[in-house]
Structure formats: C-alpha cells, structure tokens
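Two complexes come next, and they have one chain in common, chain A, joined by chain B in the first and chain C in the second.
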Partner chain A sequence: MIEALLQLLLNGAASGGVYALVALGYTLVFSVLGVINFAQGALFSVGGYLTFLLMGGKIGVNGALPGWGLPSGLPFWLALLLAAAGSGLIGLLVEQVAFAPLRRRNAEPLLALITSLGAGVVLVNLLQLLMGAEGYAFPQSTDALAGLPDVLVIGGARIRTIQLLLLLISAAAVLVLSLWLERSKGGRALRAVAEDATTAQLLGIPSAAMVRLAFFLSGALAGLGGGLIGVSVSLPGPYFGISYGLKGLAVLVLGGLGSVPGAIAGGLLMGLAEALVPSAASGWRDALAFAILFAVLLLRPSGLLGRRTVEKV
Partner chain B sequence: MSQPLLEVMDLSRRFGGLLALDRVNFAVQPGEIFGLIGPNGAGKTTLFNLISGVTPPSSGAVLWRGGAITGQAPHRLNRLGLARTFQNLRLFEGLSVLDNLLVALQRRPRSSVIGGVLNSANHQHAERQRLDTAWQLLEELGLSALAERQAGTLAYGDRRRLEMARALATRPELLLLDEPAAGLNPAEKDQLCELIGALRQRHQLTVMIIEHHVPLLMRLCDRLAVLDFGVRIALGTPAEVRRDPQVIEAYLGTGGSAS
Partner chain C sequence: MIDNGLLVQMLLGALLGLSVYLPLAAGQLSLATPAFYAVGGTLAALLSTRWSALGATASGGFPVPSLLLELVLGGLLAGLLALLVGRLVLRLQGIYLAIATIALVEIVRVAILNLPFTGGAVGIFAIPQPFATAAGYLLPALALLALAGWLCQRLEGMPLGRAMAAIRDDELAARCMGIDTTRVKLTAFVLSAVLAGSTGALAAHFLNTWNARQGSFDASITTLAFVILGGSRTWLGPVVGGLLLTALPELLRPVGDVRLVLFGLVILLGPVLAPQGLITPGLLERLGRWGERRGGSPAEEVKP
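This part shows the complex of A and B:
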C-alpha cells in the first residue's frame, strides 16, 4: 500500500517535473516577447526523436531512410544533452522563421500565435516524413542509464529508476535556470529585456540577441522534456509532444503567466493530481487536469503565483 | 569652434500626415548643457527618439563627432557614448534598485560567458568592479539606502534620480534628459539643477535637456534651441533666445516676457 502510494507520488512528481520544463519554456519566451510559442509541443517531439537517434535507435520501415541509424549509440546522458541543444537550435530556427519577420514589420504580436503554430505543424510533419508515424521504443532498456538498475528499493518500496531520474533531471534543469535568471549577468539582462526591451537596448544590451537566447533555452527545455518522456515511456508517434505542449500551456496559465515559481508549482500540482486518478479511470486524466485549471482560474484569475495584472508598456 | 560632439542636419520625421520634425539643424559642443524648449507637441521628445535610435528619421542625418550615426540601433549608440532618460520614467520596476544599475553596467568591464560559467578570477573581479561602480553611483545620487528596494516601489523623486544613475552607469559622453524636473516641487527643482551641474563636472558630460520649466533652463543651459510645430525657430544663449521676437510670440505668448 505504502509502496503503491510512494510510486504514485513519484510518478506524479516526475511527470509534473516535465510539465514544469515545458511551462518554463513558454515562460521564457512569453516574458520576453509577450507571446506564446505554439511550436513548443513540436520541439518536445523533436527532443524525443533526437534523443532516440543519438542513443543509436534505427529509423523504422515507414521512415525516409529505413534501417538507418548512428553506427553506435551515445550514452544516455550525452544523448539527452545533445538532443536538448539540438532542440534549442531548432527553437532558434522557429524564432527566425515564425517570429523575427513579424517583429521586423511591427506586426500585431498575436499573429505569432498562428505562425508559430504553423512552424510546429511543419516540424511534426517533417518528423513524420523522416521517422514514419509508427511508435518507437528506446533501443536499450533502462539498464543503459549509466548502468543503474531498473528498479530501486527505497524503504521497502520498489521504485522505477527512470522515474526518479526524470524527477531529478527536471529539478536540476529548473534549479539551474532559476539561479541563472536570478543571479547571473546574462539572466539579469534577460529580465531587463523582459521588462522593457527598448530601454534595455538604450542601456547597451543587444535585445535581439537576448530574444534569441530565450528561444534557444526554451527549445532546449522542451527537447529535454521530450527526451526524458521518450526514455521513460516511449515515442508513440511524431504528435506525442503536442499533448505535452498543451499540458504545459495549462500549467503555465495555472501557475500564472510569466512567473517562474508559478510554472514549477503548477507543473507539480498538475502531475500529482493526474497521478492520483485511479488507473481504471485513466481516460479521465486530461479532463481532470483541465478541470483543475478551470477551478483555479475561477478563484484566482491570474493563476496561482501570477501577478494580479499583467501590464505591458 | 571645436568639432561638435553631436550634429543634427536637416532632420525630419513624418508620422502619417503629421510632420513632427521639419528639417531641424543644430550642433552640440562637447561639455555644454544644451536646452530644448517648445510648447507641447513641438517635437522635442521625437527629436530625442531620433537621436537615441528609438525611431528612425524620415530624412536628414545625425552626426557623432562628424561621423554619420543615423538610424543605428540604440545599443550601438549607447556603446558610442549616448544615454538618455525618459519623460515618463522607464525603470525596470520588477528589479531592485541595484540590479537596475547592474543591467546598465553589463558590458563594463568585459567578461566572457565562458568566464561566467567557470566563475573565473577574472570574471569575479569584473563583477566586483561592477558592484563598486554601482554603489558609487548610488552614493552620488543619494540612493544607497534604497539599493535593495524594488524599483517600482520608490518615491517619484527617487525614481527620477535612479533613472539618471542608470543612464550614467553606461558612462555616456552625451546624456539626454527628457523633462527631468517634471513632477518635482520648486525645492527639488533647485536641487536637480545643482545636481546636473555637478554631474557634468564629475563625469565630463555633455548634456541635452528638454524642460518645460523655462527659468530652470535659462539658469542651467549654455545654449538653447526652441522648437515650434517641428520647426527650430531659434538657437542661441539664454539671453539671445529670451530676446528673440519669434520665440516671444510662439512660446512665451505675444507681448509676454520670459519669467
């Protein structure tokens, strides 16, 4: 009983951690540009598939190059890191294609919702062309994870190692990012650009470069999430990131738009609530997630930790 | 005359059908305090926006030490030595007072991203130097006691001084002040006047200042330009401008005299 509960909580916290990663990705771009990057879910997929390929996975029969794969797989850690960086670069590309041209023309910022959604659809379709629509399981089981056992026994409870790793890695990523934003020179500059890009630029900060940095980090967070979920569950198809993207969006609103602690708290709350849905009723999981969202927004329209009013100068 | 620090040549800006600035010319000499006056809507802030790179001009040129800088990005102009404040303050309200200054000190002294990640000795030294400079400026503008406060919570006069400190932190040669005395009481206006004079000495500044309060400008400025409906109608020392019939008519009201 205790064992089941512990496993349940860990599962919840683990998927909550991934939701927090996705929501933080949204937060970075939102705080700098005041728009949502709807390609975030697609970047999540990209991260999953990149991790798969980097770990030595082979392309399936419906893919563009059936049977092709890296001659030898990289270790899990390295693959995850490189896949995150790769997703970050593709996030940069999304910025160049879907956001930068609109900004140069001083277009209505809302238009970026559509262009980024379009960029996301294109990315997912490219994935489908390259990899096929079939699902993939990761090449080796979790014992490839730096030689860790599949199952750990903690206090008599048996815990899936990968879930623990998921939680630890997302926690580490979130922690490093928050510290960087709060303490470092670059983080300070990014916060300044988020508050007022023109003024930051008048003070000598290259705002455009900081915007690109935000997109890179945001894409890398989504890619990291995709890789983690891929390893722990599987890759059910190129669209799998989209549902995480939507969940991340719900978490973003739940926690409060633009709030970093809000994204983390919202992610954990969402993950834990989902985990408490009995498996017999698992079809209701998403419904529950959004019911929570509605309930919180009725009571606190600005989200759990959001500022009362979002003001944009 | 020596080489002007800043020159504005035939500068125009059109917003749709409105000609906000119409072929404006003047030159600012190094070390002087140059005032800009004119009724509301005369185009003073537009002129600041063109000089600081916030808005591109429709035609004309801006020269910095004789070289064209027209239409350059604000962060490049800032690196050249140009900084400004805003009429309706634009502080980073969510950041602390100290952080507002540290953002502006970002580029000086240079330290690399790699150094930051490795927290190298060089990087630590640079960060310490930035902190020292920030505290010095806070001291100078009487803000040290407020360093940890969130900028959005400061009293109005303190915010004005913080914005000046932040502009100074980028170590400008030319400081553009957009109505720095707006909303201050007479005593504060006097203090501000002294402060601007003192800052010019200590930081070897050239200052351009927009102000509605004519007596303050007359006292503070070496020279003045007068704008009316986007046209520069007068240029000269306070005494000259005061006597100019066109100024008296357009700005001070017919038959009136500058108080």
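This part shows the complex of A and C:
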C-alpha cells in the first residue's frame, strides 16, 4: 500500500517536474516581455527529436532522409544537454522572427500570440517533413542511461530509473535557474529588465541581449523537457509537445504569471493531481489540469503565488 | 481548384471568424469559439442520429426544416453555456481571459472524447444529409453568414455596438460613463457562442462525421488568425480572413507536404507585414471614395 502510494507520488512528481520546466520557460519570457510564447510546445517537440537523433536514432521511412542518422550515438547526458542547447538556439530564432519585428514596431502585444503560434506551426510541420509523422521509441538499454539499471527498488517500491532521473534533472534545472535569477549578476540584470526595460537600459543593462537570453533559456527548458519525456515514454509524433505546451500554460496560470516559485509549485501540484486520477477515469486526466486552472482563475485570478497587480489609470 | 465543398468550408470559416470577432469588438480576447462550435455540432449530430422524430430517412436523408431547428437549438445550447461560463470568466482580463477560454475548449474537447454517448475517438458518424451534394449547403451557409454580417453591420449603429467599441477603447472609461460593461461583454460573448453553435450544427451535417477533434486548441488559434490577418477593426476583416485562410491549405495542396509549413509562415509573417490586417477601416474608406468617384454605390464596392 505504502509502496504503491510512493510509486504514485514519484510518478506524479516526475511529470510535475516536466510541467514545471515548461511553465518556467513561459515565465522567463512572460516576465521580461509580458507576452506568452505559444511556440513553447513546438520547442518541446524539437528537444525530444534532437535528443533522439543525438543518441543515435535513425530517421524513419516517412522522413525526408529515410535511414539517416549520426554514425554513432552520444551518451544520454551529453545528448540531452546538446538538445537543450539546440532548442534554446531555435527559441532564439523564434524571438528574432516572431517577436523582434513586432517589438520594433511597438505593435499590439496580442499579435505576438499569433506570430509565435505561427512559428510553432512552422517548427512542428518542419519536424514532420524531416522525421515523418510516425512515433519513435528510444533504445531502452542499460547503456542508454549511462550504465544505470532500468528499475530501482526503493523502500519496496519498484521505480523506473528514468522517472527518478526525470525528477532529479528537472529539479536541478529549476534550482540552478532560480538561484541564478536570484543571486547572480546576470540574473539580477534579467529581473531588472523584467521590472522596467527602459530604466534598466538607462542603468547600462543591455535590454535586448537580456531578452535574447530569456528566449534562449526558455527554449532550452522546453527542449530539456521534451528530451526527458521522449526518453521516459517515447516520441508519439511531432505534435506531442503541443499538449505539454498547453499543460505548461495551465501550470503557468496556476502558479501565477511571472512567478518562478509559482511555476514550480504549480507544476508539482498538477503532476501529483494527475497521478491521483484513478486509471478507470484516465481519459479525463487531460481535462483535470484545465479544470483546476479554471477553478483557480475564478477564485484567485493572480494565481496561487502571483502578485496581485493594480491597474493604473 | 475551388469546388463547392471548399466553398462551404470557406463560408463556415468566415462564420467562425465573426464569432471570434464579436467579443474582440468589445475588447475581450476570447478563444472559446471552437468549444461552442463543438457543442453545437455534437448536439446536431446526436439529435439527427438518435431522435427519429426529426425525420432522418433510412437512406441517410434529412428534412431541411429539421436542419433549421437544429441550427436554432445548437445556437441556443451554446449560448446557454456561454451565459453560464461568461458570468465567471469575463471578470478576467486580457491574457487571463484568453487562457481561461483555452481551458474551456480543452475541457469540452476531453468531455466529448470521454462521454458515454458521443462515440469516443471515432465520434458520431453517418450523420444524415439534408442535401444530396455539397452545393446544397451553400445556401444555408451563405444565409447564415449574411444574417451574421447584417447583425454586425447593424451593431455599429446600435447602442450595444457603440458600448462595445467604448469598452474596447477603454473599459474603465466606459464604466465611468455609465455603461454596464459586464452586461455588454456578456452579450457579445453569448452572441459569439450562438453563432459558433449554429455554425457547428451546420458543419456536423456537412462533414457527415463529428468528433472531439473538431474543437481543439489548434482551432482556437486558427480562428483567431482569421480575425487578426483579416483585420479586427471591421466585421468584413474576419469574413475575408476566414474565407482566405480556410482556402489556403487546400489551394496549397499541389506543393505537397510543405503546405502546412507555408500555412504557418503566413500566420507568422502576416501580423508582421500587416499589423492592422488586410481589411482596415481606412481601406474601406478609400474604397468607398473610389466607388463614389466612379459613380457606383460605395456599399457594393466593399463586398468581398
């Protein structure tokens, strides 16, 4: 009984960790620019596929280059890191194409919803062109996880190693990012731009570079999430990131727009809530995140840990 | 290249564009249109396949008056849902409202996927046909669009329409002038839902099969793109945007798999190249003046 509960909680915390990664990606961009980057779900997909390719996966028969792949795969850790960096670079590209032109024109922020989603549609369909619509499974061998056993037994509960890694890696990423934002000079500069870009610029902080940094980090977080989910479950097709992107959005609002601790708490809460849905009602699981979101929006529109903003007249 | 089936789809797209436009005209970014569309369509699919009193024949035919009844019922049910949900969500502003309405779309989608009577992932199929060919659907779709367009045009001169415009410009100022902003926003939201619900009821018959995929997050953004690319300042904008963007993926079919990439590029670059959309009030004014100089009636020149 206790073992089953432990297993349940760990599974919930593991997927919650990934939701937190995605939500943090939104948070970074939102706190700096006040807009939502709807390409986040597509970057999640990109991260998954990059990890797959870097670990030595081959393109399937429906892809643009059937059978093509790296001559030899990289170890799991390195592939994950490089895939995250690659997704970050693509996130940077999204900023250049979908956000920067609108900012230069002082256009309505609403337009960025459309352009970023357009960028997401382009990315997902490029993936589909390149890799085909089929699903991919990662090689499930011991050396895929750097020699760790597939299943660990902790306190009587059998835990898939990858689930534990998922939790640890997302926790580490979240911790490093929060510490960096809180303590380091670069993090302070980013928060200064988030508070007031013009004043930050006057104080000698390069606002534009900080915005680019936020997009890079945000893309890298999404890519990391995609890679982790890909290794732990599989890649069911280029669109798989979109649903994680949507869940991340729910988590973002649940925790409070722009709040880093809120995104983390919201992610964990969402993952645990989903894990507690009985398997008989698993079809309804996808609605749970949004039902919670709905309830929170109505009871506490600023989110669980968000700041209440007072509209200035 | 454009056959009757695609024409009907384009008209349905224009109707959905108007459904997104109505709350936006009152300054409310609602992405709930696909949820109401799905509700209307599901109701029509259920009624026509389960309720024999509507007169579905064994050969798959369906009386036109029953179709009209379904359009009304689909609109009413969607409007009722909007009335209930709108009271709660319209207190939210800007991006919060957008996300809450996305949540509504997802909840409705998962519900249609999992409810015991909506046919699961396959959905409801063999929905009876009131018309033998796609061309038959042109008339009801066109009539519905004409009705919706007429309503939007009328709104501009009515107190409700002016109140909506005032809220769009500045909600606080509108409230200070004594406008019951909650009521006006709710009315626009309900009108939008009624339109989407009726459109869904018509679409269910036209498409013959109806399932949860009809109302998804993708549809939320595509329908918003209709409005943004067409132009959100006049009701003609969403109509033009809906017609063009629905036709685009089909017209791009010859280029093969690249078409969805190109479609994404249009959505990505459209707002950058034309932030106001294709149809702007300024453009309509210029067209009107041009029409007058040529001695024609200005109203005819601006029709899409």
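Keep this in mind: the second predicted complex is superposed on the first by the 305 of 313 C-alpha atoms of A that agree within 3 Å, B and C clash if a C-alpha of one lies under 4 Å from a C-alpha of the other, contacts with A are read in each partner's own complex, and residues count from 1 in each chain.
By definition in this document, a residue touches a chain if its C-beta (ideal position, glycine included) is under 8 Å from a C-beta of that chain, and two chains touch if they have at least 3 such contacts.
Just so we're clear, the structure is a prediction, and the values are computed from it rather than from any experiment.
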| item | value |
| --- | --- |
| Partner chain in contact with A:S45 - chain B first, chain C second, else both or neither | neither |
| First, second, both or neither for A:Q163, with chain B first and chain C second | neither |
| More chain A residues in contact - chain B or chain C | C |
| Partner chain(s) touched by A:S218 [first = chain B, second = chain C, both, neither] | neither |
| Contacts of A:L203 with chain B and chain C, given as first, second, both or neither | first |
| On chain A, positions contacted by chain B and by chain C | 313 |
| Chain C-facing residues of chain A, complex | 36, 38, 97-98, 101-102, 105, 107-108, 110-111, 113-115, 117-126, 128-129, 242, 246, 249-250, 252-253, 257, 283-284, 286-287, 290-291, 293-294, 297-298, 301, 311, 313 |
| In the complex, chain B residues that touch chain A | 52-54, 73-75, 78-79, 83-84, 86, 90, 92-95, 99, 102-104, 106-107, 111, 113, 116, 127, 166-167, 169-170 |
| Chain B-facing residues of chain A, complex | 184-186, 188-189, 191-192, 195-196, 198-207, 313 |
| Contacting residues of chain C [partner chain A, same complex] | 29, 88-89, 91-92, 95-96, 98-100, 102-104, 106-107, 110-111, 113-114, 172, 217-218, 221, 224-225, 228-229, 257-258, 260-261, 263-272, 275 |
